[in-house]
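One chain, chain A, appears in both complexes that follow, with chain B as partner in the first and chain C in the second.
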Partner chain A sequence: MPFRFSPVASNRMLVVNEVGEFIFLDRQTFERLVSYDLAPNTGIFLDLKGKHFVTDTAVTPVIDLLATKYRTKREFLKSFTGLHMVVVTLRCNQRCNYCHASSQPTDQQRWDMTPETAVNVVHKIMESPSEVIKIEFQGGEPLLNFEVVKTVVREAKRLNRKKNKHLDFVICTNLTLVDAPTLEYCKKEGITLSTSLDGPKEIHDRHRLMRTGEGSYDRFMQNLHFSRSILGHDGVNPLMTASQESLSHFNEIVDQYAALGFQGIFLRHVNPYGYAQNDATIQSFVYPMEDFVEAYKKALLYIIELNLAGTPLVEGYACILLSRILTPFCTGFVDLQSPTGAGINGVIYDFNGEVYPCDEARMLAKMGDRRFYLGNVNRDSYLDIFTSPVLQELIEVSCVETLPGCHSCPLQPYCGADPVRNYAIQGDLVGHRPTSDFCMKHKAIIEFLLELIDQDDPGVMDVFWSWITNRTLAEVRGEAPCSN
Partner chain B sequence: MDAKVKRKPGGFEVILSKALYEKEAVFAATYALSGLCRNRVEPAQAGYVKVTLELLDSCPDADRARVENKFMNELIDQQLRLDLEKRYGAIRRLIVQQAFAPLDNLKAAVKKIVGRD
Partner chain C sequence: MGVISTKTSAWFNGKPVIFLAGSPDNLRRLPFRPWGRKNLAACIVPAASKFTPPPKIPCIFDVPRDYCADLRDGDVVLIAPDGRIMVVYKAGSPYNSILATNRCNSLCVMCPQPPDRDPDDLYENNLQLISLLDPKTTEELGITGGEPTLLGEDLITLVQTCRQKLPNTVLTLLTNGRRLKDLEFARALVKAGSPNLLIETPLFADNDTEHDAVMGAKGSFYETLQGLHNLALLGQPVGLRTILHAMTIKRLTQYAAFIYQNLPFVFQVAFMGMETRGLASKNLAQLWVDPFDYQDQLAHAVRYLARRMVPVSIYNHQLCLLPRELWPFARKSITDWKQAYPPACDTCSQRECCGGIFGTGEKHSAFLRPIS
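Up next is the complex of A and B:
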């Protein structure tokens, strides 16, 4: 049966098939595999047969089974764009050092989306064939143009009476402007909040600053508790961004997330775009990816320890990859898909109605490069936008099966491509894998997870299964009945 | 002679037999090292191809012997991948076809490729 392979650091050969089944083989065994020299009754042959690398029985059922698994893994292609990010304003009361949203001062209302444009945005969103629609309000700070947020919610719900889709709303907010009426409205309309927490005060305040220059941490914490008191404990979910200074404090950041009772943390490398390129702070954001990967690995082991010691906390990125590795199901993750999720899984509508396949593409346009402009909701039809030559090109150049360096990579079933990032960082859509930090990061982390799975430590595997099945450790171990 | 390595200042030169290594394998191996070396692929004497690899000044690990071994191993891996693709590529394509546009008679298609169903 077909497979891909690559040597890995442990001096073994990683062998992965088309649907993501994997096995590590020592060199000798690998050579015997490719030389047809494995006896059918040996343990290793049966291991390989169980994972559909070899067969000594009928071939057709194996191919049919692999085809079914392959189709399931690609399920995300069927639904088309489900994540719709709406930039209701570029104004923001913060001025974070790594912002790549081109935030503008709070008094400049010309950067607000108008109600008319908002209605046109919603009409385009509701034309999506996806049965599941998530509308994510972004900025700037979306609460500075809250009336337009309300317009979008009202119009989407009105149209959905006929469309009958599963509709979710999320507001990405720095939390510093929330008040009781806003939170009550969110509760009534079923809107959750996504926010940013980079770590303890010293780390958070280093780069997440108010426009007046002071740190935002104290106000954030106060409003986090206030928001939870109205929306419920899980009504607010944070993301962290790792600057160079954060790397040596990952455990403290993890501890803080755990202490605040968050369900998970997503250890996220900063995108070196926008304000992150400013000379004054660039050293905080442009750092070797190897440093991030090393810090990530240590932090992941620490998070696993915490889970085993009774503190449940999911690492979001590992959870996505583990789902891809350990289950037959597909996982939606716009940043790491093949073909790219940009445009076909997620799309962003700028304040003026312009449509881009992802936030990075919008950022490039703000810097004067409109290479990825898909159209404008005020002028163009849904088909004009979502069948635009730009989007078609993005899809064509982001199928990992055809990309140099990716085409023979065994990590293909778990990985993806980001042509917009390739373009922004390396100057062309295809990119250059041998010098790509995107490739280096994903490869290193995926291989690390595969090695952990291969070690088959019962505790670690219990933690992994608790993450990907959204159950407690006790439930996974059969010590408690399943609650979901 | 399958492969002859000649060390040069700042890099090395490899003469490869075309009978053993296909063009795709040579290019893929050269590409894989293009973050470490400045590479050139050119015709050599009849039946051979010459690959010149010069370590980049910025190469953080400018260990010529290590890069040389890496290239030779990469070359073998890439050629093996091509060989495996010849053996199993048709099955791979059949899996993808069956996934998205199931065949009326999969057994017959399998038999045609594998010789048995």
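Up next is the complex of A and C:
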């Protein structure tokens, strides 16, 4: 049966099949496997057979089983675009050092989305065949153009009376501008807030600055508590961005997230383009990926320890990868998918109605390269936009099965492709894996997780499954009094 | 065949009644009730009773008192021509089942009831039994074998009859699923039973080599898998069960992994202790592992599935042979008439929670110890 393999750090061979079932073999066993030298009644042969790497009897039923599993894994392709990001304004009251959203001063109203454009955006969104639609308001600072946010919500809900989709709204805000009426509105409409928190004060304030130059931390904290008091504890979810300086402080950042009672943290590498590329603080953001990966691994072990000691906290990135590795189900994740999630799973609408497959593509356009422009909601039809040749090309060059380097990589079932990033950094859509830090990062982190899983420590596995299945450790362990 | 009644009135409309005399003990004859006489099929008279049955009604006299004490209103009994009384249904018990057939298309190494030929009237008797049950109080009913799917169309009629006559009863069909690889047959079965039908299927390994060896039938593994996938396609709830012995215990976690990867839709996986009876007793040397010695393997596999939110049950296991972390998964599963508690259990604090042992088994663990 088909499988891919490659040696890993522990001097063993990692063997993975087409649907992501894996096994580590010592070199000798692997040699015997590929030279058809394993006896069919040995434990190792049966292990390989049970995972459908080999068969010594029937072939057709094994292929049928693999096919069923393969279809399940790829189910995300059925639903099409579910995440719709709407940039309601480019204006922002902050000016963060790594901001790649091309933020504009607060008084420049011409960077706002107009109500007419907003209505056209909503009509495009609601044409998506996806049953689950998430509309994410971005900026700039979306609260600076709150009327248009309301227009989108109102119009989407109106159209949804007929469409009956599962509809979610999220506002990505720096929280510094929230007030009671805004929060009451969000509560009434079932909108959650997504915000940015980079860590304790010194770390947060180093790069997240107000337009006036002072730090934003104190205001952020004040408003976080205020927002929670109205929206409920889980109504606000933070994202962190790692700068060079925070790499050595991951544990403190994790502690802070835990202390604030957040359900999870997503240790995120900074995006290498946008403002971050031409600012004076560039050295804070262009750091070797190896450094991030090392810091990430340490922090992940630390987070696992925290969980085992009784503080539940999910590491979001690991959680997604673990679901991919350990479950037979499909795990959609716009940023790491094959074919790429850009366009077919997520899409972004700029303030002027222009549509791009992802934020990075929109940034490239801001910097003068409109390579990934898909169309404009004010002029083009849904079909024009979502079957545009640009999007078709993106999909064509983002199937890991066909990408040089990825094609033989055993991590393929867990990984994905990012052609826009390849284009931005390496100059072409297909990209070059040996020099790609995207590849380096995923390879390192996925292999790290695979080794952890292979060690099969009961505590670690309980934590992993508490993340994947969104349960407490006690629930994962099935702890319950004698119930007979 | 008829329904037991100890009362002289309120006889089940139209169903044949078997009157059990003796309560009250001083009753000498049945009060005259023309509508009641019509469906009075037989009388059972306990030893030393002064009761005189009505004329021309078949009657069994001198039935031992403790035997009569076990009979309850609503029980269904079959009286053989030679006067033997067989209880075919015990009212209020969750373990009632219809033996659809003794025949089987497999021959499992640990089969407690090896396949046999069927009496000619088995099928008719079963249909009659179903018609005698009380739809209001019959909560659960099993359909077992042998291999029930060997009845073919008759099984579908049987299931349909159950669903029509007992619309509130949960039916649990025990089948090895091999015949359900025929999608049309599976579809007809699901249609006949849904939504009251649960199907439970034995699966013994993550590979055909081992599974087929346990089943004693080459090719059965993939047939069963295809059957299971057919059922999933039809939206039919299915559960899996395996029996723990030397041939299944070694690779139990791989078995669990296989289920999660290939059959994640199952509503339950049951790990069952072996009843050392029938072929299990004959093949004991080849099969026996003391449950005390496989606790680690069992714990690992159970935890593996529980983490993945696959519901797990442990059947036929004594609590003193399970690590405490597995207690929440243990079910009291041994049929009441087979259930026994050896003397050790007398001082055990967990007796109430524990299902005890198979009174019918030949061999039991050497490590049963009361829990303080």
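Keep in mind that, in the parts below, the second predicted complex is superposed on the first by the 478 of 484 C-alpha atoms of A that agree within 3 Å, B and C clash if a C-alpha of one lies under 4 Å from a C-alpha of the other, contacts with A are read in each partner's own complex, and residues count from 1 in each chain.
As a convention for this text, contacts are C-beta pairs under 8 Å (C-beta built on N, C-alpha and C of every residue); 3 or more make two chains touch, one makes a residue touch a chain.
Values in this document were obtained by computation on a predicted structure and should not be read as measured data.
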| item | value |
| --- | --- |
| Which of chain B and chain C A:469 touches, first, second, both or neither | second |
| Partner chain in contact with A:50 - chain B first, chain C second, else both or neither | second |
| Partner chain in contact with A:4 - chain B first, chain C second, else both or neither | first |
| First (chain B), second (chain C), both or neither touched by A:479 | second |
| Partner chain in contact with A:58 - chain B first, chain C second, else both or neither | both |
| Partner chain(s) touched by A:154 [first = chain B, second = chain C, both, neither] | neither |
| Which superposed partner A:68 touches (first chain B, second chain C, both, neither) | both |
| First, second, both or neither for A:41, with chain B first and chain C second | second |
| First (chain B), second (chain C), both or neither touched by A:12 | neither |
| Touching both chain C and chain B, counted on chain A across the two superposed complexes | 58, 64, 68 |
| Chain A-facing residues of chain C, complex | 205-210, 219, 222, 225-226, 229, 250-251, 254-255, 257-258, 260-262, 264, 303, 306-309, 312, 325, 327-332, 350, 352-355 |
| Sites on chain A touched by chain C in the complex | 19, 21, 40-41, 43, 46-47, 49-51, 56-58, 61, 64-65, 68-69, 326-329, 458, 461-462, 465, 469, 471, 476-484 |
| Contact set on chain A toward chain B in their complex | 1-7, 18, 34, 58-60, 63-64, 66-68, 70-71, 74, 404-405, 408, 432, 434-435 |
| Chain B residues touching chain A - in the complex, by the definition given at the top | 28, 31-36, 73, 77-78, 80-81, 83-85, 88-89, 91-92, 94-100, 102, 106-107, 110, 114, 116-117 |
